[in-house]
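Here chain A shows up in two complexes: once beside chain B, once beside chain C.
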Partner chain A sequence: MAPASCALCQKAKAILKRPKTGQQICKECFFFVFETEVHHTITNAKLFKPGDKVAIGASGGKDSTVLAYVMKTLNERYNYGLDLYLLSIDEGITGYRDDSLETVKRNQQQYSLPLKILTYEELYGWTMDAIVSEIGKKNNCTFCGVFRRQALDRGASSLNVDHIVTGHNADDIAETVLMNVMRGDIARLGRCTLICTQGEDSIKRSKPFMYAYEKEIVMYAYFKKLDYFSTECIYSPDAYRGHARTFLKDLEVARPSAIIDIIHSGEAFGVREDVKVTQKPQQTCKRCGYMSSNDLCKACTLLEGLERGMANSVTTDRARKKLDALGPAPDNLRTIPQFRPAHLPVSVELPKTDL
Partner chain B sequence: MSSCGNPSTDQDALMPRRLRFNKGKDCIKCKANPGKIVIRHAVYCKECFIPLVMLKFRRSLEPSVNASAGTSKRPKLKASGSLVLGFSGGLGSSILLDMVHKTYFVNESSANGEARGGTNHPRSASVWTSCAVCYVEVCSAFPETRDRTNEIIKALAPYPKFDFIPLRLEYAFDDSWWRSITTTDQDRSQLTIELGKDGLYTEALRHGPSCDLSPVDALRTYLASLPTQTAISSAIRILVRLLLLYTARSHRASHLLLGTSLTTLSISLISCISQGGGHSIREEFQEEWYYGIPATTENADAIRVVRPLRDVTMKECSMFAWWNSIHVVGRDGQIRATAGIPGLTKDFIVGLEKDYPSTVSTIARTCAKLEPKNASPGLCILCQRPIQEGLDDWKTRISIRSYSDAKLGPDLVYLPTPVPPNSSDVTMSDQCPSISKQLCYSCRTTLTSRGSRAAKPTQPRVIHSTQQPLSAPLPMWVSASCAQLRTEDRQLMVLGNGEVWVGKRQDDATQRNEIAEFLLDT
Partner chain C sequence: MSTLHRLKVEFSGGLELLFGNQRVHTLSLPAVIPVDEARPSEPRSTDVTYLIHYLRTHLLTDRPELFVEGDTIRPGILVLINDTDWELEGEGAYELKNGDEIVFISTLHGG
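== the complex of A and B ==
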C-alpha cells in the first residue's frame, strides 16, 4: 500500500498518526502543530507578560526536557520577552535523581539557560532514600509529592521568578481528574483542570502541556533527538494512582480521544456553590509560613512525623492519634525554614557558555 | 513467586487476605443477632439488613415523587402522572420491581384485618395511577443473541398489577412506532448522516428521505457505521434510554424508575466523564426530561428519571434478591453492549471495589457535588441532554486539524514549507449541512472519534444513488428535531465554514414591535 500523504500539508509523506486527532501527518507538520498548539495554550490563557521571569521545573525526564526546549523556541519565535530559568529539585534518590540531574545539567548547556538545584536534604534535612528507609516504599509518594511542590515554590522564590511552568501533560491531567473523583478530593477536582493556579502569596504555576498527549511529547523528543532521562522512579509508585494510570491507558487504547475527553469533562463541571462555602479557607502555616488549609501545612506535618519517629501519622488515623497523645512538638524539633515569597536576589549557576 | 513475595514458598501460595471487618461478629444495628453480611466494614443480620435496604430505596425515591416540595414536613405522596419502570431483567431492575410492587401497589392486610403499616403508609394510597414495566429487547443489535421477551414476561408473572410494554431497539428507527407515540404531524423522513467525519454532514437535510431500510437493517447499519466499540455501547445506551423516555411520555408518566445500583451508578459516572460527558454529569444521577425543551423551563409535564437504588451497592442488591427469593433473569446476552470504555470502566470499578470498598460511594458522593459550569442553550438532538456552547472553539483552541482555519493565519509563516489553505472542508460544508452544532460533546465524540486502529465496517453501509459510501440512518427523534428546524418559518442555512444557521422569518408585527419606541404616531 502506498504511504499516505500528510493530512495537513497534503505534500509530504505521513510518518506518524497523531493520537490526539487521529490524523496521519509528516514530521515537519507535527513539529509545527505541536509547537503552535502549545503557543495557543499559552496565549489563549494569557499566561505571561513581557519581562516575566519564568522557572521551568526540570527533572531531566521527557516532559520537562521537551518543555524547556519548546519554551525556549517559542520565546524566541514569538518574542514573549521571558527570562527563562531551569529549576530542579534533588529528592535524594540514589541511582535515579542523581542520574537524571546529569541530564538537566546537559540541558542547561544545550539550551543556555541558568539552572538552580534545590535539595530535599538542605530544605527538610531528609533525602527520599532516608525517608524510604524510615517508612518503607508504601506511601512514600505522599512525602515526595508534598515536599516537591513546596520545594519548587521555595526554589522559585529564591530565584525571584514570577512563574513556574511544569511539564504536566494531558495524560497527567486526565489521571488527576479521575483520581480526584475516586478519592473525593473536591477541592483539587475544582482546580486540577485550571491551566494556571496561584494561591495567596504564592507563585503562579502553569501547565503549557495540559492539552499535549504524553505520546506526542515522546514523539517530539524522539524526532528532535532531545536528550532526556527515561527511567521510572525506583521507588514503587502509589498503588492507587497506579490503578488509575493503568485504567487511563486502557481507555486510551479503546479510544485515544478519551484523554482529552476526560479533560473536557473536568473543564465542563465545577463544584456546586453550596459545597464551596463549606470548604476550608486557605491560610498560612503557623510554623513555616507556606500556604495551608490547616494550622500546619502538609510538609510540616509530614516532617514532624518523620522527626518524631511517627512517619505514618499522616497516613493512618491510629498513628495520628498516637502522635497527638504524645503532646505538642518539642521546641528543638527540626523544621522547614520560613517561607519568604518576597523576591530576594540569589546566585544561580549559569551555563558555561555564558561565563 | 507467591503473592506474599517470598521466593522460597510455594508458587501458588496465597497470602491470607486481611479481614475487612473489625467491628465484631454481631449485627451493628440490633447488636443481638449474629451478623450475616458485611457492608463496608459493618456487619448486619438479615432482619436488619432488609429494612435498611428498603429505607435507602424510599429515601432516594420519595423526595422526588411529588411535583413540588410543598410546605409540609411529611407531605402525602402523590405523583402527577403514572409510573414507568425500566426493566432489563438484570439484578437492579428485578429488585426495584419487587420493591415498588411491595411498597406502593400491594396493600396486604395483617392478621387482625387492618391495613399493614397504618393508614398513612404509602401502600394505603395510590401514589401513581398505574405502573407499566417497559423492557427493551436488544437482540436485533447482536445477531448471535436470542430474544428474551418471553423470559421477561414469565419473570413479570408475580406482578399482575403492572402493565407490560415490550419494546425493541429497532423501534428507534421505526416510523410506525414513532407515529404511534408522537402526536404531532411532523416531517418523518429519516435523516442519514456520514459518520466518522468531524463535520457530521447530512445529505438528508437537503435531499429529503433517502433511507428505505427496514428498522432492523437501519439499526444495524447505524451501529456498524460507528467508529468504535465504545461508540456502539454508548449508542445502544442512548437508544434504550430514549425509547424508555418516549414511551413514558406517551403513557403520560410522571416518573421513570431505573434499577441503577450504587455500583452501576459509579460505573456510569466514570464512563460518562471518560467520554466527555462532564457537562451532563447531573443527569446521570437524576434527570428531568422535557421533550425538546431545555431543562430550565418550568414544565409540569416533565418526566423525572429516578434511580431509587443509587445508595445500594451491587453486593447489597445480590443479598436482597437472595433473601427475598427474587428471580433475576440475567443479562449475559448483552456482553457486547458493554464493550469499550463502559466495559473497561465496569471491570475497573468492580475490581477496585474489592480492595477499596468505599470507592463506589466516594465516586457517587463526589459527583453529586458537581454542576455544569455554564448554562445550556438547548438539548442535544441525539441524547436529548444539555449541550454546551463553544465546542468548536474549544476544539480549535486545543488542536490544529486543518491549515484552513483563519485563526492559524499568522502562525503559518513558521511552517518550513508553506502550504495553500486546504479547501476540502469548505467544499464539503458548502454542499451538505452539518448537525454537529446540535450535538453535545459526548455524542459528537461518539460519532466521530476513532479507535487507535481504524475499524473496518462489518455491515454494508447505506449506498446512495451517487454510489458514495455515505450514510447511516439516525434515530427517529433526531430526524424529528431536524424537521422542527425545517418548519415553515425557519430555514437551515449552510455557511462556507461549515456552520449551520437556522434562519427564522419574522413577521411584520414582530419587526414593528422591536422598533416600536422609535416610530412616530402618524
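== the complex of A and C ==
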C-alpha cells in the first residue's frame, strides 16, 4: 500500500488511523486533534474555573501519565489558571506499585508538578500485601477498589484541592456501561457516563479522557515518548471487567466506533424518577464521617472485618449479619483518618529545580 | 538462494513479559515464506502474518493467548510498522522489507 497523506494537513505522511473517525492523519495533526478534543471535553463540560486546585490521580500507568502531560500542556496553552498536583495512592503491593510509583516520581520531575503519595498503610493500617496474606487472592480486589476510592478523596482533602481528575478513557467507560447493563445496576448505569461527579467534602471528580480512545492514548504516549509503567497487578485481576474488556476489544475490531457508540447509549439512558427514589439516601459514616449509604461506610465495614479476623465475611449482607451476631464491634477499632486540611499540615514533595 | 530480511522487533506495554522480558529483538527471516511453515503451499513473500506466526513459535515464552488470536494479533495490541499504524500498511498482508522495524504495544494493562 502506498503511504497515504494526512487527511487534515494533506501534506505529511499519515501515521495513524483514528478509531473514532477512520481518518488517516500525520503525527503533528494527531497531537493537535487529540489535545484539542480533550480541551473541548473540558470546556464543553465547564469542568474548571481559574484558580482551581486540581489533583491528577497518578498511577504511573499509560492513562494517568498521558493525562498529566496533556493537563499541563492545556493549562499552559489555554491559560486555564489551574494549580496542578499529582496524587498517588500506594496500596502497598511489592513488585507492582513500588515500581509504578518510581515512574510517578520521574513524571514529577519531568513535568515539574508537586506530588503527594498517600499509603494504605497510613490510612488503614494495612498494606494490600498484608490484606492478601490474611484473606487470599479471592476478594482482594473488592478491598483494593473501595480503599483506593476513599484514599484518593482523603488525599485530595489533605491537598485542599477542589477537583480530582482521573485517567479513565473511553474504553474504560464503555466497559463500565456494559458491566452495569449486564449486572442490572441501574444506579451505577445512570452515574457511570457522567463526566463529573461530586465526591467527599464536595471535591469534584472528573474524567477529561472519557471520549479519548485507549488506542490514541497509547499512540500518543508512544509518539511523545512518555515514560509510563505497564505491568499487571500481581494479585488477581478484575475478572468480570476482563470479560467486558475482551468483548469490547472484539467489537472494536469489527466496528471501531462501537466504543463511542456505547458511551452515547449510556449517556442517553434515562432512569425514571420512581426508580430513583428506591435508591438509598446518602448519609455519613458513623465511625469515620465519610459519605456512605449505610451506618458504616464500605471501607470501615471492610476494615472491621479485617481487624476482627472475618475479612471474607464482610462482602455480603448475610455475612455482615453473622458478624453483628458475634457482638458489637470492639471499641478499639481504627478510625480512618480524614486528612482534613484544617487539622493536618500537608507535606508535599516539590520537584527539584535543577535546571 | 533465498535472501534474508533483518528485522527489529520491539515489545512494550507489558508484552515484553511474554518474550523473556526482553523489549528489543533483532531477527532474520527468509524473504520468502518456507513452504512447510506457510499455510498456502505456494511460495509467498514474508509478511506480517508470517512474522506473528514466527514470533509465536520461536520467541514467545509465555501464555500465547495473550499475544495471538487465531492467525492474527489479539485485539487490543497495537502494531506499528516503521512507526506507522499497521492499519495504514495493510495489517498482516504487509510484505516485510530488509531493515523494517515492527513494534507491538499492548493496551491491555492498567492505566
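List of remarks:
One rule holds for everything that comes next: the second predicted complex is superposed on the first by the 336 of 355 C-alpha atoms of A that agree within 3 Å, B and C clash if a C-alpha of one lies under 4 Å from a C-alpha of the other, contacts with A are read in each partner's own complex, and residues count from 1 in each chain.
Assume a residue touches a chain if its C-beta (ideal position, glycine included) is under 8 Å from a C-beta of that chain, and two chains touch if they have at least 3 such contacts.
The structure displayed is predicted, hence computed values, not measured ones.
Looking at the shared chain after the overlay, A:62 reaches chain C, while chain B stays out of its contact range.
Contacts of A:325 after superposition: neither chain B nor chain C is touched. Using the contact criterion defined above for the overlaid structures, shared-chain residue A:15 touches chain C, although it does not reach chain B. By the touch criterion defined above, A:253 reaches both chain B and chain C.
Between chain B and chain C, the partner in contact with more residues of chain A is B. On chain A, the surface patch touched by chain B in one complex and by chain C in the other comprises residues 250, 252-253.
Residues 1, 3-4, 13-17, 24, 59, 61-64, 167-169, 171-172, 214-215, 217-219, 222-223, 230-233, 245-246, 249-250, 252-253 of chain A touch chain C in their complex. Contact residues of chain A toward chain B in the complex are 8-12, 19-23, 28-29, 32-33, 35-37, 39-41, 44, 77, 177-178, 180-186, 189, 211, 240, 243, 247, 250-258, 260-262, 264-272, 275. Note for the complex: chain B touches chain A at residues 228-230, 269-270, 272-279, 281, 340-341, 344-345, 348, 352, 356, 359, 362-363, 365-367, 369-374, 388, 394, 397-403, 408, 411, 414-417, 419, 422, 441-442, 445, 449-452.
Touching chain A in their complex are the following residues of chain C: 12-14, 17, 74-76, 78, 80, 83-85, 87-90, 94, 103, 105-111.
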